[in-house]
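Several structures are given next for inspection.
Presented sequentially are two complexes of chain A, the first with chain B as partner and the second with chain C.
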Partner chain A sequence: MIKLNINKTLHGAEGVMNLHANLNIKKGEFVALSGKSGSGKTTLLRILAGLEEVKGSIKVDEQAWLENDKSLPVQKREIGFVFQDYALFENMTVEKNLLFVKNDKKLAQHLLELTELDSLKNRYPNSLSGGQKQRVSICRALMKKPKILLLDEPLSALDPTMRSKLQNELLSLHKEFHTTTIMVSHDPSEIYRLANRIIVLQNGKVINDGSPKDVLLKTQGSQKFSFEGELLDIKKIDVIYVAIVAIGQQLVEVVVSSSEAKNLLLGDKVNLSTKAFVPMITQN
Partner chain B sequence: MNNIIAYVQNIQSLQNLNIVNFTCKGTPLKMMSLDLNNNIQKDTKVMLTCKPMAIALAKNLQGEVSYANRLHANILFIESGELLSALKLQFEEFILESIITTDSCKRMHLQTGDKVTALIKSSDLSIKKVLV
Partner chain C sequence: MNYEPFIISFKLAALTAFILFCIALPLAWYLSQTSSRAKPFLEALTALPIVLPPSVLGFYILWALSYNSPIGAFFEDTFGIKLVFSFSGLVVASCFYSLPFMVQPLQNGFESIHKNMLEASYIAGKSKLRTIFFIALPNMKPAVITAVIVTFAHTVGEFGVVLMVGGSIPGETKVASVAIYEMVENMDYTSAHIYSAIMVGISFIVLLSVYIFNARQNRRLGL
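Up next, the complex of A and B:
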């Protein structure tokens, strides 16, 4: 169990901001930390790791990590930290990178097998792909069997296929080790697949905290199929109108009646929604 | 447009599938839905909506139809296009819009003032907002 109640003044791009969080995180939880850049997510991870000076208290399994301005040093906090850039020791083989943290050959072998890195254990980081490097970083972070695994957008530099593969591996590792994990992520599908809880930060405050399904499903009334987009064009055809809306990288067409079209302006941010019973689903 | 104020009568649930029964001035209405917000309970006042394309029309309706929502309405206005027609209907104090093919409109000899039944499948009806 992590009990954290902290306050810190940050000097961000938009001026001075107060980061405040009062959270209880259960042992074994997989928490996604989400929110716009500059909202305090990475700072919160760094606070847990002991890399930032902060006011407040942090207690992990009844051990005080921060109390009355006394802070447990970084190396004594049992933390595994994985960053977006891999931060591997370039002069060590994959296996040595793991053993450097803790000389436990059996665990290293087990982790390398779980992540299909076994055959690469004698290679050096510069001969690995991005996905392989990040798997080494994750394995290395787990070598100490940390109490908390902190992941700062670990997969955001990877292509979608590799991302999905590593998500599965993170899931298997979490199932096997039950390490309490806090991951910064912006990707709703990643959050839904991995996390059992999402905490959303905005300007240093927690604005949402709940299950990924409850927080991420953008529903309005009973509409379950909902997207935000921008109205690009609207044309009258016969007695109806056809609107063209950009959603992410895609364009979609929507038929609207004249009364629905009446107040729409080109460039408007719009919400497209329909009931869950209507969309058809086909395999690509 | 196509906003109907109704009250929740009861909710039938099976896991996260729900059928919500409403009443609007004595007309029973039914909506199929997945998970419902917690604030939707018996006697909750809601605004229901559906797309104009999802309203079918019948005249002199006889026999049984599977449409769970059958609203007795009067035609207020017909805008007839080459292929499609948009009809404004009066149902209680609400104005509904139905868009049907002009062929159907002609075949049924629909005219302003006609009494029609507006038919909406329960899967096409949705809650636009919860009113307090």
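Up next, the complex of A and C:
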């Protein structure tokens, strides 16, 4: 159980911002932290890790990590941290990277086998691919059997195939170790697959907190399909207007009326939805 | 041929490099990690020996180490060590003279280490000291080698400060560079030629080995 109530003034790209969070996270939960860049997600992770100075209180399993300006040093907090850029120890082999954290050869071997890194254990980090490096980084973070595993956009630098492979590995690792996990992610499908709770930050405030299904599914009311996309172009073809919208990796064409075309600006975030039109008759 | 001045030169350089490494390591680490307002002042202070004429440095050190100053008096009264015109005094003077050549490469080395790598070590539960010795230093070998060798070479090459603080006592403070100066003064050009050629040769070999080592390291790291 994590109880966290913190306040911190940040000097971000958009001026001064106040990061405030008051959260309770249950043991074993897999929480996704989402929100635009600069909303304070990474800072929140770093605060939990003890890498940033902050005012407030953090309590983990009845142990105070932060209370009345007394902060438990980062070395004493039982956390694992996976950085976006891996941050492996370049001077050590894959196996030594794990053993540096804790000299437990059995656990290291087990983790390396789980993530299919066994054959690479005597290689140095600079000879590994991005996906392999990130797996080493995840294994290294688990070596201490941490109470909390913090993942800062761990998969964002990887290609889609590697991403889904590592998502599966993260899932099976979470099933095996039941580590309370907090992951920064932008990818809705990743969040939906991995997390059982999503917290959305905006300008340093929590604006949404719930299950991924409730928060991420965009259909409301009687809409049957609804997609969020970016308006790329509007073309006039004879008498009709055709809008080109990018939804994820796909482009679609939609017919819009002339009044709609006037109100839309290129680059707008738009919602694309359809309703099934089924006339029904009911007796009064 | 008397090679004693060379032996004194190398003894002085090795001792200076060793002592300075111990002093400069915490200083360089502090400078690389701090964002304190005192940082530019400390940086300017450590860089001073590069720009000051050796005579200015020599004069101040001579004054500070002599019996007229509290430092010199303290050392002579408590330990019975005379710092002026002695080998110990030369070591002290060389440490001041070569300080920037040790601090600056080490500081650059520490600054080149990715912050996340150090943080990953703290998160792994390792102290700052362990992080410096097991993570930072092994990942900046070229910087360490450059710092130690250049400090060594620079101390071998010093002349002005050594002459002012140490004088030219054979077997005690007469280093190679001072010996050459005296040979030229006495018009003993043959010995001066031999001594100078040896200095050029050794210096070149030392610097060449540093550059070869660093090129190999960079190739290994794929830079």
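The rule is short, and it goes like this: the second predicted complex is superposed on the first by the 235 of 284 C-alpha atoms of A that agree within 3 Å, B and C clash if a C-alpha of one lies under 4 Å from a C-alpha of the other, contacts with A are read in each partner's own complex, and residues count from 1 in each chain.
Assume a contact is a pair of C-beta atoms (placed from the backbone, for glycine too) under 8 Å apart; a residue touches a chain by one contact, two chains touch by 3 or more.
Keep in mind the model is a prediction, meaning the values are calculated, not measured.
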Per-residue contact with chain A, leading partner among chain C and chain B: C
Partner chain(s) touched by A:91 [first = chain B, second = chain C, both, neither]: second
Contacts of A:255 with chain B and chain C, given as first, second, both or neither: first
Contacts of A:100 with chain B and chain C, given as first, second, both or neither: second
Touched partner set for A:24, first chain B, second chain C, both or neither: neither
First, second, both or neither for A:129, with chain B first and chain C second: neither
Contacts of A:51 with chain B and chain C, given as first, second, both or neither: second
Touched partner set for A:7, first chain B, second chain C, both or neither: neither
Which of chain B and chain C A:75 touches, first, second, both or neither: second
Overlap of chain C and chain B interfaces on chain A (superposed complexes): none
Chain C residues touching chain A - in the complex, by the definition given at the top: 114, 116-117, 119-127, 134-135, 138-139, 221-222
Residue ranges of chain A in contact with chain C within the complex: 49, 51, 74-77, 79-81, 83, 85, 87-91, 100-102, 126, 140-141, 143-144
Chain B-facing residues of chain A, complex: 220-224, 238-240, 255, 257-260, 275-278
Sites on chain B touched by chain A in the complex: 1, 31-36, 49, 51-53, 79-86, 97, 99, 123-124, 126-130
